[in-house]
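See the structures that follow.
You will see chain A twice below: alongside chain B first, and alongside chain C after that.
Presenting the complex of A and B:
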């Protein structure tokens, strides 16, 4: 069986996505390769079949968004909202990702080898995110479930209003958001980190779980406190 | 929405390509800004004492048939200057030796419907309503040559779709600004500036930012100092791209609500709201591509 190749200079995003949604059955194509993405939006969004997609270049907004089962490799940089609302599967960005990477992801694994912009993992609902570089401000804002691993630094207000998601940071944290706190790493955390770094790929084996800090919710915002005077 | 683009060509021999490389950048931002487009281009300064004013006749009753030569003769006779005029469609560039403030005042008095687009010794400005492709072909923007430019595609949110409310906005000489986003305190800024005797042409929020920055520059601030003050004075969402006779400057608000991406090679620095406006540029595969950080100042000099 041969790989299937598309070229976005000659085929539209709509046609390629239509093919990916309706015209492949699981296990029938080893790999779908998309060339010349040139920053187009919505490439490989909403994939509901277990298949492998490789995008050779930089993508625009919402690439591989709402992914259900596919494994998508972006050999380039990603615009806003890569893998947003992912349900399952795997999305790997070789370059950097812009704002809101992995926003609201319910499941699956997003890997960003470079930096991720602001609001990475905002409202995370159960997915996992591993960032090889640093993340911008307001990352993991209101993250409800899932795990985020940041191998570089974090910007301002990390984990503001966190629920039950857990964030691991190796580098410097510019500031924590309201109700986020640094906690001791447990044996379970070490194991979780080890497994996530393994899943992210060989280049992540250089990181040791013991070098990371655990950030989780202090849960003070879970119940409204009339005496807090808006200071949390 | 709205799209911004900027391009600075580092090497002199490549500057003939400025317009040709830029037009696809502008057209690439059509979905972000389909209603108007414009750009300010900077080229070698005129000899000392000479000035040029970019003018727009689309708001006069004659429109593109406006008698530019007649206006030039009239100006020469009454102002005692010797000017030249280069015109095409709704657009003209009046070049002269003399005080540009006097010339502008004269135009306001005698040709109130002619809109003054820009003043300086290096800047030419083009803008109009219509799709970026239509504006680019109407004024043959692909033929423009120069060292750097800033461009804009508009999806109006803050004021009406008219040529004078399209971007870039200018104030003073050889200064312009384009904006993606919206300001929440433009009227406060405007009232403050009006108390300093500064006049506004439109009710557009970007004009407030443009006049604020130009006022700071005129008060003696460097571009960097003026921008630093804008972070405390201007409230809202913005990516601003500014041009002066020898610089391009880019800033994003602290929340980075509006996008920007930069590609730099040994030949050029290109800035756009999204990568799709940069994909066609020569040697883009080997460019250093990055997203400018919020509240950081990026300044490139020619």
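Presenting the complex of A and C:
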């Protein structure tokens, strides 16, 4: 398949997104290269077809937001909310990601090779996130479903008010949030981790699942006040 | 009779104002359970409201229209600022956002059917978009909430408008709440939660934190939907003047302001009654903000929170709203707080026993949070939800909306307007000093506006 090239110095985000939403023929998997993103916001947001997008540089907010089918490679750093609310597909950030990376993602895989900022994986709803570096405070806040792999360290209040999502951390955890606890790794966890690290790429093969801790919900917040005699 | 009246007045039985029976009950309950009260609906206390305003009908100095013959337009267009497909409504009365979860799927279908028949919109809620509602509602507003439950790009594209919810009048600063008894398997699946858990959703959006971020978030939603759909921003009424200005700055097409009388399906009573400002005061501040930024007519304003009658709608429009939104009144039209529910044969069946079971009676019920709605509206119970049949509910709601619209046009014609949007502040006077000050409208029979000239 031929490459389709766009240059954000001469083409607007609107024109590129319009092309990505409407001009890709069914049954083809074209490779789209976007040059000179220079921190522009909302690049490749709302991709609803199977295609490969390579962004050569740093992107602003919500890059690849709500992705449904595409595979997006960001060869640079990403601003707030990269791959937010992703449904499916794959988004790979070669550099660092800012706050709320992968927020409320329902599916798909987000890979951040560098560090991710605050609230990484907040409200996660079934998506998977693999971070090669460390994550900031309040990561996996209220995460409902899905898995998060942190190969570095985690900041304060990791997994606060977790539901059914599971977090794996290799490094140091500064503090756990309310209702989050460290649990024993099971054989299933080893398998899941191995598979996620594999999917994240060859550079992740250096990590061994046995070096990770499992963080999940103690489920004490599932009911408003279980001890009280609730009379509604 | 006189005697018993006098005996009530004996000082040995004098009721305290500060510690009346309701306050005593509150303290005793708190002492017994160690928990705050959670309930549904909106503020119950009396606050300055549209009832405190009256219209100056046409007379010598103004010319009325014939009430029954002459046309009075009610068409309402929302989202003219940036959207390529603005929302066109036949009437300026819309159905407020209420979630599937809080309400049954039958109710959502009834709302959609009625709204479609009268030419207005319905709005999703914290539970995402159901097929029942999308299929029945011609104009459907899709909410983007802090929780993002079930939020997805396909539903975004099949919506007619998008509403970014910052807050709601019943609980500005609070997130959603759905107690476990209403989280049945379908609700749980739509919200990605285990069935039966108490769902307390986030009060802050996960991927933006202030008005400058919101500019980019709105931009993203426009990019994903190719700039077709109007984007509303909904705020609970607190610092409304500044909030509306910031929402305009963030790029909203339409601002929705929800006053403290606005309803909820479950929130702490202390929150409902003590956080937020009355709809009347919020509306004035919102209109001031639009005028201050020279955006009146470019950005449309929807007001909600305790709108019940056609007169309320007329007063809201005269004060500067483009449309109103109704939640509680809509549910009451379906039968909320009614003595009975209606079976498939059209028979009224008493619900008295079921009200008793949850410790209340028709007329006082605010037990939406229990999921045991005696009339089958605020429930996910398989048996109870059968008490509200979409067809019957839709007919009642259509009647209610048509009544409001007839009342609205009656008042507009009496004020000499052939378009309800021509109603103006000058058509109104206030009956109380409080309402005059909040609404910036003169006290009836005077030219006095308390605090005029001061913001």
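As a convention for this text, the second predicted complex is superposed on the first by the 220 of 232 C-alpha atoms of A that agree within 3 Å, B and C clash if a C-alpha of one lies under 4 Å from a C-alpha of the other, contacts with A are read in each partner's own complex, and residues count from 1 in each chain.
One rule holds for everything that comes next: a residue touches a chain if its C-beta (ideal position, glycine included) is under 8 Å from a C-beta of that chain, and two chains touch if they have at least 3 such contacts.
All values reported here derive from a predicted model rather than from experimental measurement.
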| item | value |
| --- | --- |
| Partner chain in contact with A:80 - chain B first, chain C second, else both or neither | both |
| Chain B versus chain C as contact partner of A:38, first or second or both or neither | first |
| Chain A residues touched - chain C or chain B, whichever exceeds | C |
| Touching partner for A:108 - first (chain B), second (chain C), both, neither | neither |
| Touching partner for A:159 - first (chain B), second (chain C), both, neither | neither |
| Contacts of A:177 with chain B and chain C, given as first, second, both or neither | neither |
| First (chain B), second (chain C), both or neither touched by A:98 | first |
| First (chain B), second (chain C), both or neither touched by A:58 | first |
| Touching partner for A:209 - first (chain B), second (chain C), both, neither | neither |
| Chain A positions touched by chain B in one structure and by chain C in the second | 60-61, 80, 99 |
| Chain A - residues contacting chain C, complex | 13-14, 17-18, 21-22, 41-42, 45-46, 48, 60-62, 65-66, 68, 80-81, 84-85, 87, 99-100, 103-104, 106, 119, 122-123, 125-126, 141-142, 144-145, 163-164, 222-225, 228-232 |
| Touching residues (chain side chain A, partner chain B) in the complex | 38-40, 58, 60-61, 77, 79-80, 95-96, 98-99, 117-118, 136-138 |
| For the chain C and chain A complex, residues of the former touching the latter | 33-35, 38, 147-148, 151-154, 156, 179-180, 191-194, 197-198, 200, 202, 206-208, 213, 216-217, 219-220, 223-227, 358, 367, 369-370 |
| For the chain B and chain A complex, residues of the former touching the latter | 254-256, 259, 261, 274-280, 289-291, 293-294 |
